[in-house]
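Two complexes come next, and they have one chain in common, chain A, joined by chain B in the first and chain C in the second.
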Partner chain A sequence: MSAKIVDNPFFVLGVSPDASRIEIEREAQKLLGMLELEFPAARVYMTPLGEQHRTAEAVRAAVAALRDPYQRLVAELWARHAPAQPMPQRGATERMGWTPPIRRSLGWKP
Partner chain B sequence: MPETPLFVGIDLGTTNSAAAVFDGEHVSVVRNAQGASVTPSVVRIDKQGRVTVGTRARRFIEQDPANTAAEFKRLMGTDEQIEFPAAAVKKKPQELSAEVLKALRQDIADQLGASIERAVISVPALFELPQSSATSDAARLAGFQRVELLQEPIASALAAGWRAEQDGAGTWLVFDFGGGTFDASLLETRDGLLRVVGHDGDNFLGGRDFDWRITEHLASMLSVVPSRKNPEHASALRALRLVAEDAKIELSRSDRAQVTLAQPLSIDGQDVDVDLELTRGTVEGLCAPLVDRALDVCVRLLTANGLGPGRLARIVLVGGPTVMPLVRARVAARLEAPIAEGHDPMTLVAQGAALYAATAGLDGRAPAQAFAPGRQVWLQYPAVSSDLTPHVVGKFVGDNPPAKVKLVRNDGAWSSADATVGEDGTWLTSVTLLPRRACTFTIEAKTMGGDNIAVSPPSLTIVQGLTIGDPPLSRTLGVALANGHVQTYLERGAPLPARRTFTHHTVETVAKGSSESVLRIPIVQGELEAANLCRLVGTLDIGGDVVKDTVPTGSAVEVTIELDRGGRLSARALVPVIGQVFEQVAHLLVPDAAPEALDSAIRDLRRQLMDLRTDAFRHGLGQVIEKLDRLEARLSEAERDIDAAHGGDADAAQRARRALLDVDATMAEADLARKWPELDAASRQAAITASSTVGFHGTDAERALLNDVLAAMEKARKDRDAPELERQMRLAQRLSSAAFNRTPEAWEWYFEDAASEVSRARDLPRANKLVSEGKVAIDRGDAEELRRVVKALWQLLPEDSEARKRGFDSGVR
Partner chain C sequence: MYALPYILIIRLHRLALDARRRDRTWRYYAYSLVAGLLAGILTGVALLGAWAMFYVGWWYLGIAIIVLFVLPPLQPVVSRRILVPLGLVRCSFWLAHFISMDDSDAYALCCAAWAHSMKPTPAGEAWIVARRDKRVPLGDSEIIVTALLASARGDADTTRQLMRSTAEMVENHPLVRELAGEWLAVDAVERFAWRELYDNSIAARWPASSLTFFLEGVAARNLEAAGAPSKLEVRIRWLLAPYKRATLRVLNDFAIIKKPGFSVSPPEPGAPLEMPAASLHPSATLPRALGLHLLFGRWLVADNRGLAHIVAAWDAALIDGETQKWLAQRALELDAPLGAVDRAIRDVATAVTEELTRIANAGSLGAPASHGPVGDALARRLRHGRLDALEAGFTRWEDRRHSGAVRSPIDEWREWVALRAAYDAAVAAGGLELRRLAFPHAYSKGTSMAVWLWNTRNEYALSHAISKWLLGEALEVGDTEAIELCTRNCRLAVPTRTGEVKVTT
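Showing the complex of A and B:
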């Protein structure tokens, strides 16, 4: 879940959750240009969980997410209510599924 | 070399192709040597091996069908070869497409006096990866240095939106009837940015279906009726189809058309004269059901996006069949919206592709050979900008850069403030554009002392107008796993280019030197989580004969999947234990469709459909029955294609193969709907558990998000939308897990769970050792250690072999 914070489009782009659509597009285009020309300042961004590495892919994904009204709403929520301490992260290789007590409560075999 | 930029777009169509150029302010359609704006996608190779393309080749379809090929676009991405017996050559579909592209490239050169090296080529929205990569190959064969691919509906939307009034904001629909496919796209323009809100379509409905309906009607009126099932009748049917096509076009303007052939047809050894009359009424009667089918797709798309009738600002018609008065009238009436006038339905896609070339900064001419004299600077700016004040980013090459930079607009009415250049040569400024114009800015650089320095390049041009963001991925891409599920890498709609890496683990040992043992990583495309319902688009095979050393079971494999802007796929696997990288993706082909295999597949589907139907009737599920009826109709159509496949029509075979896959996937959804009562109960239970875990252990943000998910679940339940409910249920599940993982007991639970299955583990002594280590960790309260133990245990538990088969024999999890 900490991905919701460190990958939050507003943090990636470094814009406020109130930014207009035009401002977001303008900022993204500028960041992509700066990354392409290897501006040192463009390579990192700040989140409540510390400094993160910024890539062109992340910028593109962020601006695409904010174009979708629903995804933007979710991103705004996370950007405004981000908790300050790190959380355990689940990698792609882990099994996703019901946690055992929940599985049991649904009458499934443990 | 001309001063203005030249952006080139090409619509490489099934029946017709077209090209257009955009100079920064105006789009113009390129005319071919015959003066026409469209070139038929037909290639002929004669006895001497001479290649003819377009109208001149099309004339030979009837006279010399064996050496004249049409509709080869549908075979792109297959390894089907097209034979030209007179010249005794075989050509791949992409080689024939390359001939069409070459002809268009020549037309552009003739008209503009410039050789074109780079262009944007449009492809159907639902093209699979092998088809896209075959299109890129065709462009390379035609001599293009670089091409980008663009989805056709986006191209037409861009062209239509560009022309729209300044206040053309709103939601609108692109109704695109191609030769072989129908696409409906719902778009929105706001603040100069075009967004694809939704897309739906029918991959098996197009202009050629109109032609076949009319052909079959004409055939039924002959004294001896030819059949598509019989390969011997193919030439008679081809001749009929050609006149049917002409009659259809003629009937767009007049009420009756005479259908005559100079030579009698030879059917079963008899001479059959063709002298028939067609009326507009007859043809409209034949075609109306097809138009209605397209309209059903539109209504479904509008409903899915909460739009009732009459809510559209306008409808843009694209494609040859939309020229028919019947289509225009029916569309306007059913969707209760005005048809946008002033667009040429035959070249709109090419025009959009040209506009997109500008957005992508893909000037058609070869890059300047010599650098202008002066201090070299790298520039980054949007070639097309909807924003009136975009940023320009630059970097001077080399040491001791100039101190200040200023951009001056060429009309002299505006210039930027002085931007300070950093010690590393970097600078940043913004410019002001004129609406709907191409603006050129001169770059003025000064030294610390105030002396002017010449800069190379000396200027830059930005076009102000509608833009579209990065092209979205049309289908979700992932890796099939040994448990039959799919690990999603890139979601549908993800902006391209994109790249993602995940770490998997092998489920089998790959022995060094053994060609028998292969680690297979199947790459699939599709929207469902079950691998067998997705399409295999490529595999990355790592064989025992190429590994430097034996790769033991459970080894980590880092797989990276990358797509460029044109949707070209590359995959890479890194195996850290042996420090080797593998990048050879094989089998990037659309599978071959043997008629016998299709026969047995359709029998299976029919049986499943019967079962589903009986069940749906028993439970009175009206919605499901409706869905099944639609599938039934699709199957009947596929049957006709399979008949034609038996008659030797490879194109119809591919069509049938895709139709069957689609039916299979839709059936899986219908099956989900059938299980509604169970799903409903499970989702309620999930809501309760998620509320309590997230309530106790979640963060504020998780709680807020769960509220959204619960609302979405409620809506899905109300709409009886099973796939959506399942999706939301999974989200709730993940929120639960995340919150649960934060509790101290979480990993103890996981441990007990894994320990209870330990008898099935692969390496039993090691598994038992891990269990003891885990117990010690719990006693010591060492959460980190426990976590490590559980993860190691999970690696040792086996996957089911049936599931693995469904996962395309995947060797990873």
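Showing the complex of A and C:
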């Protein structure tokens, strides 16, 4: 199911689920151009599961998916209801200065 | 004649340590004090003697006195502080061998494996495995040695599973069990599994080393459990424990101050989650389900309670009238084909179920009680998948007996432990109903293997562990024939290296 979020066409293109078809096509052309020119900013996109790598193939696949009404409906369902901020990663221990492994400092491995 | 006081004191020192292992009350502190005083006397007198020998020029006698009289009472400290961190496998083995009395290889091999786990080398592993394999039949120390070899490879899950499995063995070396208990306590702290650590301490499943005793106190305080040690008492436990700097941080962060931010359970129902700005419809069930789902297994610990919570959230979201209304409206606007709403809900339920099945199987979680598109599908998948895997596993196990493929005792144990885990996972998915379906497979194959292991392979402790578990399950499902047979098997005296063990059922 993570793929539904990570590969969601709206996140890949960086557009809102409300975007019109024209806006989507325009954004895709812009991204393809930027990727062709190897703009660093175009190589990554944000999802609720963190940053992902963007490729020209992924952009083309995203546009194709959003042209299909059913696929767009499903993509909207996921994108519209996903949390706005990236989810915190498992590493809560580090927030308190407890960098794992604690085990090692108490004489055991791993 | 001159050695008599020494022998008496060292005997008393060992008795104090043995008594301490059996206790978790105020006596623990008393025995620790007595053991410390006796160790101090032994070491002081021996060092004085060694100094005298050096002084008169008999340095070789001085060294002999240090080796023979100073090292034995200081073995736990020397091993923990010097030999184990340096990964000195053979030195750890021989020093531990020298100080332990009954079946000295058992504790010695565990110390060697502990040292190996800190600095693993192929030669060290080969040496330990060769010594372990010579020890038949299987006992608790061989399992713990294998667990520590797994930890040397960085496999914490296998280590944990094997360490826990020793509780089913009738052969009991307290020194060895103490090491297993300490590893499990430290492991629980690393996972912030305070409840697990506290439950182990209440049930006194493992003899407590000073580090285990301290961590148990921290767990009790962290959970604010009834009978938890006071601040003063937990500080006294800290004084007894090794690794002062690391344990001081544990003490301050989890027992005295208890910093927030370590929720190991999902948020309570109704807890606020950040909603997406783009959400247009009034119902928040879908964003909530999706938000919880994305947190699950990443930040929230994947446990039964969390799974039940998420499945309930998804079921509520997918049958929510607002979700369906929103979907129908958007389908109309987008000119989606007929039946797109039902198909979209089905697709979402399938994707969610697939991922939750994977998480549930990875964490051996049970099927939640929620009824809905996700809850029903997940329960069905977990039940069928696990029951099929269990049947196949037990059949493969018994087939090996008939095909004559004999495995080493430790591999037999590992297979049994894996089958047990599969059985527990299946039962967790389906409750008593599935337990009744699964038990006949486990009983027929398990009894056959237990008899073979006892009669043909002389693996008494292993066979007894299987029979004992089968008896427990037979009592759960109420199978009278199985209860009768397993009771008879369990009543047999089990020959072990520490003497015959007669278990009363």
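Just so we're on the same page, the second predicted complex is superposed on the first by the 82 of 110 C-alpha atoms of A that agree within 3 Å, B and C clash if a C-alpha of one lies under 4 Å from a C-alpha of the other, contacts with A are read in each partner's own complex, and residues count from 1 in each chain.
To be clear about the criterion, a residue touches a chain if its C-beta (ideal position, glycine included) is under 8 Å from a C-beta of that chain, and two chains touch if they have at least 3 such contacts.
Nothing here was measured: the structure is a model prediction, and the numbers come from that model.
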Contacts of A:57 with chain B and chain C, given as first, second, both or neither: first
Touching partner for A:29 - first (chain B), second (chain C), both, neither: first
Chain B versus chain C as contact partner of A:19, first or second or both or neither: neither
Contacts of A:76 with chain B and chain C, given as first, second, both or neither: second
Partner chain in contact with A:4 - chain B first, chain C second, else both or neither: both
Touching partner for A:49 - first (chain B), second (chain C), both, neither: second
Where chain A meets both chain C and chain B, residue numbers: 1, 4-5, 73-74, 77-78, 81-83, 87-88, 90, 92-93, 95-96, 98, 100-102, 105-106, 110
Residues on chain B engaged by chain A in the complex (per definition of touch): 190-191, 193, 195, 378, 380-382, 385-387, 389-395, 424, 426, 428, 469-470, 472, 487, 493-495, 497-499, 502-505, 682, 685, 689, 693, 699-702, 704-705, 708, 733-738, 740-742, 746, 749-750, 752-753, 756, 791, 794, 813
Contact set on chain A toward chain B in their complex: 1, 4-5, 21-22, 25-26, 29-30, 32-34, 36-40, 57, 60-61, 63-64, 67-68, 73-74, 77-78, 81-83, 87-88, 90-102, 105-106, 110
Footprint of chain A on chain C - complex, ascending: 80, 84-85, 114, 117-118, 151-152, 154-156, 159, 182-183, 186-187, 189-190, 192, 211, 242-243, 245-247, 249-250, 253, 259, 261-262, 273-280, 286-287, 290-291, 293-295, 298-299, 327, 330-331, 334-337, 340, 343-344, 347-348, 351-352, 354-355
Residues of chain A that touch chain C when the two form their complex: 1-2, 4-5, 16-18, 48-49, 69-70, 72-74, 76-85, 87-90, 92-93, 95-96, 98, 100-103, 105-110
